[in-house]
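First chain A sits with chain B, and in the next complex the same chain sits with chain C.
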Partner chain A sequence: MRSTVDALLRKELRLELRNREAIPAMLLFSVTTFVVFHFGLQRDSVDGALAAGVLWVTMLFAAMLGANRLFVAETEGGALDGLLLAPIDRTAIYVAKALAFGGFLVAVQLVAVPAFYLLLLGPGGGDAVLGLIAVLALADIGIAVAATLVAGLATQTRSRELLVSLLGLPLLLPVIIGAARATAPLFAAGGAESIPAKWLLVLGLYDLVFGLLAFAVFDFLLED
Partner chain B sequence: MYGKGLRPLSLITCVALTGAFALAFFYAPMDADQGISQKIFYVHVPMAIVALGGFVAGGLYSIAHLRTGDRGYDLKSYVAIHLSQILAVGTLITGSIWARASWGHWWVWDEPTLVSFLIVFLLYCCYQPLRFSIEDPERQARYASVFAITAGAFVPLNFLAVRLAQSYTHPRVLGTTDGLPAKMALAFYIAVVAMALLYVTLWKYEMASKHARNRLRSIRRGLGEDIGLTRSASPQ
Partner chain C sequence: MPPAPSQAAAAIELEGLKRDYGGRPALDGVSLTLGAGETLVVLGPNGAGKSTLLRVLSTLLRPHGGSVRVLGHELPREAWAVRARIGYVGHEPLLYRDLSGRENLVLHARLHRVATERVAELLEAVGMSRRADEPVYTYSRGMVQRTAVARALLHDPELLLLDEPRANLDPTAAELIAPLLEGRARVITSHDPSDADGADGVLGLREGRPHALEGLYA
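And now, the complex of A and B:
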């Protein structure tokens, strides 16, 4: 299982390095969305709950954009048949996909979050980098786990792009609630306040439940 | 086989529903603050509870489907979720009316149960689009089952997250049963049972109709083949 996941993960990353499909698109989308928020909200800088909302809505939509492309190589190139013919555990395919997607999210955020600080965040909100990293990590796990499952679910349907967003947005709402609530005090106008622990707990619980769930049911999506 | 016992069940359901509403109007005391508008509580809350129970039941049937590979369980899950969707629409409408009557707004964001119900409803709205955009019937059943299990697990998690996000300024609907006067509680519990009976009755009707349709189709197919055979066998 371990070596299979390793090999599949290397394949995912190499594919992304060669055709550069997901990460640049997600990144460009994020930065453009910040600009859209600047004009839509008519604010030069945001803080507190508003800043947390702008950041997380952007991250969520960027993630949906990436999730749309997640299984494209498999379905369009017919690579899924090859994978299924290989004598490997099907769950390994899911684990590798989720890890790769989590990696994409981190790569996007490495640029998009500094861009958010630069473009939109008010002066008071830059202090709590460590707390923000903790929230980002927990939320990224949740997004990767659930979005990969949704992408797998929608991939064999006629209206793939539509269904990924339709299914993914309500399914990821607990992550958005938790992440936005946890980041809002970090971006407070008068300097960062501490994160309420219960929101980290909610995020962790979501990661755990959906991780186990996806682990259990993903096999059935590939059973042909 | 689903038609068996439908008539007594329908009768019991009718009696239970009538009895529950009669109790709600004539036996349960009038609410001191809200007056007559509180009576919608005996429709709205049972409907919500039964809808959520139906969603979870759909998830359980889906687990059975994936474990056994029996497509009958998928049909049961589909009918359960479909009926729950209808009840969910009713819940949202009655909830909205109740919110308007008691708080003056059609929609209240700080009522956690209503908000989490909306999210669950939005998620389950994707069930049919997902299901019917897959052509292969075997794969359709499998994917629908995976969705039903995921969404079924999502229901309690979502309620937890939304409930935590509220500031508890309003009484929580599912929690209010603790503080109910005995007469109100009795009427409420009977209403829940009656609503559950209604759900089971409708579920059985739908299953009976689906089975009858499937049998009719297979009989027709068999008949068509017979005619084809006799025609080709007759000397011309």
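And now, the complex of A and C:
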């Protein structure tokens, strides 16, 4: 399956490089939202749970934007049928999509998170970069595995974008709760505190459960 | 793992095939047998079920009744084994619009585990070498169709399922493509009764049911 995933992943990256649809849209949304919060909250900086909430709600909605675009190329010109006719394990399609989407999230966060620090965190906000990277990594895996599953399910329906939001937002709530709770101490007003291990465990478990679930059911989602 | 079918197995064996869309029958009791290397032409007016028949045979749609065997494999149970041995040209090209013709074919060559040298060979054969590195969305309909035919032939399938393969092709392109499609079992759908000349069998379809060729379009 590795060579199939490799071929499909290259295709995903090539399409995004050529179209520049998902990453720029997600990035623009994230940075614009941070700007809106910067002026809307009428504060020079935020901290603690509020800062974590702003970061993760913005990441969630940016991710939904990207998830809605995940299978668009497949629905044009019957390209998905072309993949379904190939003698491959269809789970490879899921794995390649999830890996690509995870990569898109990281690419967005490479710009969006510094923008968040600049626009919304006060001095000292950069104390816990390593901790934040760990939470981002765990949350990105969860978002990628769950959102790709939902996007795959919605591909065969007419109301694709509605379904991705309707199913994706509730399914991703545990990730957002876990990520926000894990991140809040990093943005504490008096300086970064340690991350509660409980929330890292929640994020890790979510990744594992949804990863296994997607691996088991994705093939059936694409069946007629 | 299902037993490997013998080489002499019929290309297609249908018995009472049924398929519906939301309760509306699209195929209702279609039976036929197509031998290895033979050509069947399926004729019928719009909405007769020709494309649905090909999509069932290609494994894209599941049959809702009857029995379907393709290259000795029972569908939908052994669909995976069939996919490596059939080529399908549908109404849509099954290509990524934003990739070039060559990139599309290289992707499918990798998925079918075919040497990528075959891509250049087929692009040349369908007369698309010159435009092969341009995105598919810049192609004319005829060029898209030629690239779609090349995609379907990449893995040298034993059975070709061709949904109006000459659609959008000018006479020169149709002549170029024709020899590539020969030498294997074929099911070809068409509106044109003259396409049945030289075929080993002809199936008339109307409202999803087999119908005599006389009065098929009445």
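Operating definition for what follows: the second predicted complex is superposed on the first by the 222 of 224 C-alpha atoms of A that agree within 3 Å, B and C clash if a C-alpha of one lies under 4 Å from a C-alpha of the other, contacts with A are read in each partner's own complex, and residues count from 1 in each chain.
Quick note on the criterion: a contact is a pair of C-beta atoms (placed from the backbone, for glycine too) under 8 Å apart; a residue touches a chain by one contact, two chains touch by 3 or more.
Please read all numbers here as calculations on a predicted model, not as lab measurements.
Undergrad: Could you tell me if A:A79 is touching chain B, chain C, both of them or neither one (first, second, both, neither)?
TA: A:A79: touches chain C, not chain B.
Undergrad: Look at A:L149 in the shared chain and tell me whether it touches chain B only, chain C only, both, or neither; answer first, second, both or neither.
TA: first
Undergrad: Looking at A:G191 after the superposition, I want to know if it touches chain B, chain C, both of them or none. Which is it: first, second, both, neither?
TA: A:G191 sits against neither chain B nor chain C.
Undergrad: Contact-wise, after the overlay, does A:K11 reach chain B, chain C, both or neither (first, second, both, neither)?
TA: second
Undergrad: Who does A:P24 touch here: chain B (first), chain C (second), both, or neither?
TA: neither
Undergrad: Report for A:G40: first if it touches chain B alone, second if chain C alone, otherwise both or neither.
TA: Touch status of A:G40: no partner.
Undergrad: Counting residues of chain A in contact, which comes out ahead: chain B or chain C?
TA: B
Undergrad: Counting only touches as set out at the top, which of chain B and chain C does A:I177 meet: first, second, both, neither?
TA: A:I177 sits against chain B, while chain C stays out of touch.
Undergrad: So, does A:L167 touch the first partner chain B, the second partner chain C, both, or neither?
TA: The answer is first: A:L167 touches chain B but not chain C.
Undergrad: After the superposition on A, what does A:E223 contact: first (chain B), second (chain C), both or neither?
TA: both
Undergrad: Overlap of the chain B and chain C footprints on chain A, residue-wise?
TA: Chain A residues touching both partners: 223-224.
Undergrad: Could you pull out which chain B residues touch chain A in their complex?
TA: Spelled out, the residues of chain B in touch with chain A are 66, 119-120, 122-123, 125-126, 129-130, 133-135, 139, 142-143, 145-147, 149-151, 153-154, 157-158, 160-162, 164-165.
Undergrad: Which of the residues in chain C come into contact with chain A in the complex?
TA: Those in contact with chain A are residues 58-62, 80, 83-84, 86, 88, 90-99, 103, 107-108, 110-113, 135-136, 151.
Undergrad: Report the residues of chain A in contact with chain B in the complex, numbered from low to high.
TA: Within the complex, chain A touches chain B at residues 149, 153-154, 156-159, 162-163, 166-167, 169-171, 173-174, 177-178, 181, 198-199, 202, 205-206, 209-210, 213-214, 217-218, 220-221, 223-224.
Undergrad: Okay, in this complex, where on chain A does chain C touch?
TA: That would be residues 3-4, 7-8, 11, 14-15, 18-19, 73, 76-79, 81-88, 223-224 of chain A.
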